[in-house]
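Just dropping this structure here.
We just call them A, B and C in the order they show up, numbering each chain from 1.
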Amino acid sequence: MRASSEGAAPVRAADGPSPELNEVIDRVGLVDHHAHSVVSGTVDRDAYAFMLDESDRPASARAAGLDTQVAFAVRRWCAPLLGLAPDASLDEFLRARLALSARDAVARFLPSARLDRLLVETGYRGDELMATPQLERLAETPVSTVARLETIAESVATEAPAARDFADAVRRSIEAALAAGAVGLKSIVAYRAGLDVDPRRPSDAEVERAAAAWLATLGPGSRPRLVDPVLLRFLLWAAVDTGRPLQVHTGFGDPDLHLRRSDPLLLTDFIRLAEGRGPILLLHTYPFHREAGYLAQMFEHVYVDVGLAVNYTGAQSPHVIAESLELAPFRRILFSSDAWGLPELHLIGSLLFRRGLSRVLGQWVVDGDWPLADAERVVRMIAAENARRVYGLSDEPDEGRGAVEPDRPAPDES
Amino acid sequence: MRASSEGAAPVRAADGPSPELNEVIDRVGLVDHHAHSVVSGTVDRDAYAFMLDESDRPASARAAGLDTQVAFAVRRWCAPLLGLAPDASLDEFLRARLALSARDAVARFLPSARLDRLLVETGYRGDELMATPQLERLAETPVSTVARLETIAESVATEAPAARDFADAVRRSIEAALAAGAVGLKSIVAYRAGLDVDPRRPSDAEVERAAAAWLATLGPGSRPRLVDPVLLRFLLWAAVDTGRPLQVHTGFGDPDLHLRRSDPLLLTDFIRLAEGRGPILLLHTYPFHREAGYLAQMFEHVYVDVGLAVNYTGAQSPHVIAESLELAPFRRILFSSDAWGLPELHLIGSLLFRRGLSRVLGQWVVDGDWPLADAERVVRMIAAENARRVYGLSDEPDEGRGAVEPDRPAPDES
Amino acid sequence: MRASSEGAAPVRAADGPSPELNEVIDRVGLVDHHAHSVVSGTVDRDAYAFMLDESDRPASARAAGLDTQVAFAVRRWCAPLLGLAPDASLDEFLRARLALSARDAVARFLPSARLDRLLVETGYRGDELMATPQLERLAETPVSTVARLETIAESVATEAPAARDFADAVRRSIEAALAAGAVGLKSIVAYRAGLDVDPRRPSDAEVERAAAAWLATLGPGSRPRLVDPVLLRFLLWAAVDTGRPLQVHTGFGDPDLHLRRSDPLLLTDFIRLAEGRGPILLLHTYPFHREAGYLAQMFEHVYVDVGLAVNYTGAQSPHVIAESLELAPFRRILFSSDAWGLPELHLIGSLLFRRGLSRVLGQWVVDGDWPLADAERVVRMIAAENARRVYGLSDEPDEGRGAVEPDRPAPDES
């Protein structure tokens, strides 16, 4: 398998005012540091509209899901790969798209994302999704995995351990996931309890008590769902103790989220207390991306992205990307798509990101605010270098490596 | 009476980069789904400055109210209708404007808003405002009314009902208002208690107890003001139980508002609990319009606008409009002006909205991000179609009707 | 000493689309109403990177502090004043810059900021900074001071007063600072307790009790640090009681801040209760600048700036400036840099502000949304007139004075 950045002619997405920068942006390979796999079955029209929408209301998706920024972006960028004009009508588009099998759709769309590596989180509805080796082959892209903490804990719970062994069993499972190749860990505490959870490390006694209470509710064959705030906090601390990257869902997501409890600023005290351990990656962050940028500026172990928001704001995403480039040091910003289910979401994540970056940075270059060389350097950082450094992905082709200045020491995160 | 969209030559406000789209936007008739009537008396210079300002501080208004985005927009768009140049000085402008009677001002300005229908909320300082039939005639625009829930409850309270009959009396008054032609209901719980009110439906006993306590404070001839949170919640539930549209003030407003308690996200749990009843329309929403857009994406019964903010941000309003087009499905976005008192506020609400939309959508069209046909379709949805569907306004001229795709089912909101 | 606005040829920063407005913006002298002095010693490469970063994490600053918007802006605008090209490489830039002494750096950079007056707050790490007379001479700019309330109270505490005398002693020290020439007072309650402090004026008994408790913790030679919320509230009230301008830190800042407790909306009740006393100036405000603009629109004694944010968002600052011009009346917006330590921060504060204003207002002029004359008037208000009026700085050259309309009464703030 080869990395896609050596692959076929790129889709030309970058249309910013600097032709030189557009060229760099269209050619650079991206590391998508947070996404999911694709559905393994075929989809009909309703299911398709539904998957374009973060809402879980089917009627809503059917009626409104196709009149959204994300649906317009999917049509605009995927139609040409189906042999249609970029402004093909919705009906033409759906006719061509829904004729593809899941495998054909991956092979048709994903290589054009031109990813150097794709990191997929495997914990969410994984049984409906394509297995990693098949995805890797069809996408023509190396795939690594990120393990979801809550899924690990729930899996441990099904083995009915003694409450006093629960913490160690979870820690062992986390280590096993990392040993098996996972390059990071992910927390969805925002969904399960809110980011306003107590930031302190729970004591062993607290964890044991909480585990006992939870495990007592589980019968044989029951499907455990972890919502206990003590155990959720324990997972956060178990993750940063490994020194490996911890992704935390923040900002917008599905309807079972309470958005007010997803403001990354609610993590401030946890971030402070966890300093000196592993890096913390704040995912999505929208509409709190400015607040997240503040945290990235303040704390050297904090990283941010505006994945998901780029896809869901579509034609307006250059504006969101520009806002994400305000306070955060450029070495603390990563690219992600948070695509789930449909390979076109991986593709437009890449294309919209390239397009937005080309307009925002390109304008700064032509206005004389940024030197072209610095703009190119920042593109390479955000596109892939930062992710490689944080996740320890040292084995990929690195178009940008030559641009790192020799006297700039690498930061000392693990 | 005819709808204004067939009326006089439109003011050309749309100046976006797509001439075809500008043409559509300048011609489309708008449904202004939330505004108020105009003052029936004449205004002097101080009163005029004061009414341009959401502040209730007269000294403030006098000194600063004319150096604001909204005042600049009023001058720029209304001066030509007074026979002046668009950049006429403030003094020239005021001389011409203050010479008009209230009736002449309506007749001069309001028809150029080119509204297909104007929905006025009648509960706020209604005794200072022009009656609906006169407004309708002078504005050359069909007018419908929206009833304010708190005003209904306060009116019931003046009749000194028994506490145990209060709930039913309010429900009957709401039904009577709807039967008399009101097309929706409005809540100002944000002002009276904050949107962080308990979201649950209060029990009959709770309502009776709260009504008893409130009614006991009222003497004969007293002017009741409802601030009890139980009764305010009761009104929200009484409104959604009717299945008719419920407008909720969110975001910025007068100084007696606490803006932090007006974040529409505070309504999340109420929205969840009220699913399956009538549509909920989040008014204004600024500066929480991104949060509101998230709610509109998540819940099929939630609609949003950025009325008021468009007027008050003036030349900067295209930027606010662009942000309102990020997450919300285009079928869940409505137009409003929230104009109160001065007909120029209705006018600039319309003109700034057309102008902003033409720039934002027009740029997406010329950049190749959106097909022109979709941009036109979205204009028609937001301008009028969404409001017609949600409020059941089926009798107006509908320039956009032919553009609805035949295979797109209407959503199932009432 | 002469005011710098009569000085050397200005750096041409304004590049907006209106040449006439650019000319006005490049020539107008600014009043920087909130900044600090510069370090009096020399700096090495690490210290330099560190001072560009609001973070206090040295490793972070070293690794990432030079790849930020603020560092890019410093290089772009200061390189030409060092005889280098604007796109000089980082190494070239640092070689030339680090060869300058502290005094040479001030003389090289600060006059080009073209300030009519610089207001420096003297309370933060003042012993590392250059004394005001020397700064004034090297900067070729009149300097006034603003006194930090917490520093005054801590200084009183070192004199070991009786608890019952504490309040009066603090009030006397505040009066003495004002009598000695301080033009305003500054509160950092956001850092010490959060803006969610009880807004009410504490009683004498409460203050005495809190003072007794605090003073009892202080031994001889100890360095007091005031964090008691009662005493911090007392300082706010003591400040507004003087009728003189009170600056309040809001929004982003150093890592010991909790950003959620810095939302200026948390001050709403204090602002209401303190109406009719001195003006309140909300500093920085980002990312809550829209919320701050709402407060400035609502309350006639509230003023706002986006200082600090302009420097730290660099090439993206025109966007932040545009957002700061949404709701706030233009008479309630001030300019500041919040520069600390490095004179290049004072310089880029001025240059980025001019540049951003020229693009934002210039676009509104060329689009026909604002008359040129009004744009020029607003430039003069924000650049200097508002600060002169609020702080009573009547003695400076006033390029804009002729533009004040004779029939516009001055607001009645002190």
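One rule holds in what follows: a contact is a pair of C-beta atoms (placed from the backbone, for glycine too) under 8 Å apart; a residue touches a chain by one contact, two chains touch by 3 or more.
Note that the coordinates shown come from a computational prediction; the quantities given were computed from them, not determined experimentally.
**Q** Would you kindly state whether over half or under half of the residue numbers at the chain B/chain C interface are used by both copies, giving same or different?
**A** Shared-number fraction below one half, so different.
**Q** For the sequence-identical pair chain A and chain B, what is the superposition rotation angle on Cα atoms, to the nearest 5 degrees?
**A** 120
**Q** I'd like the Å distance between the centres of chain B and chain C, where a centre is the mean of that chain's Cα atoms.
**A** Each chain reduced to its C-alpha mean, chain B and chain C end up 38 Å apart.
**Q** Chain C: which residues touch two or more other chains?
**A** Residues of chain C touching two or more partner chains: there are none.
**Q** Report the residues of chain A in contact with chain B in the complex, numbered from low to high.
**A** Those in contact with chain B are residues 15, 53-55, 57, 59-60, 62-65, 67-69, 72-73, 76, 86-87, 89-91, 252, 254-255, 258-260, 286-287, 312-316, 319-320.
**Q** Taking the touch rule as given, give the residues of chain B at its contact with chain A in the complex, in rising order.
**A** For chain B paired with chain A, touching residues are 263, 265-266, 268-269, 272, 290-291, 294, 297-300, 322-323, 325-327, 329-332, 364, 367-374, 377-378, 381, 405, 407-412.
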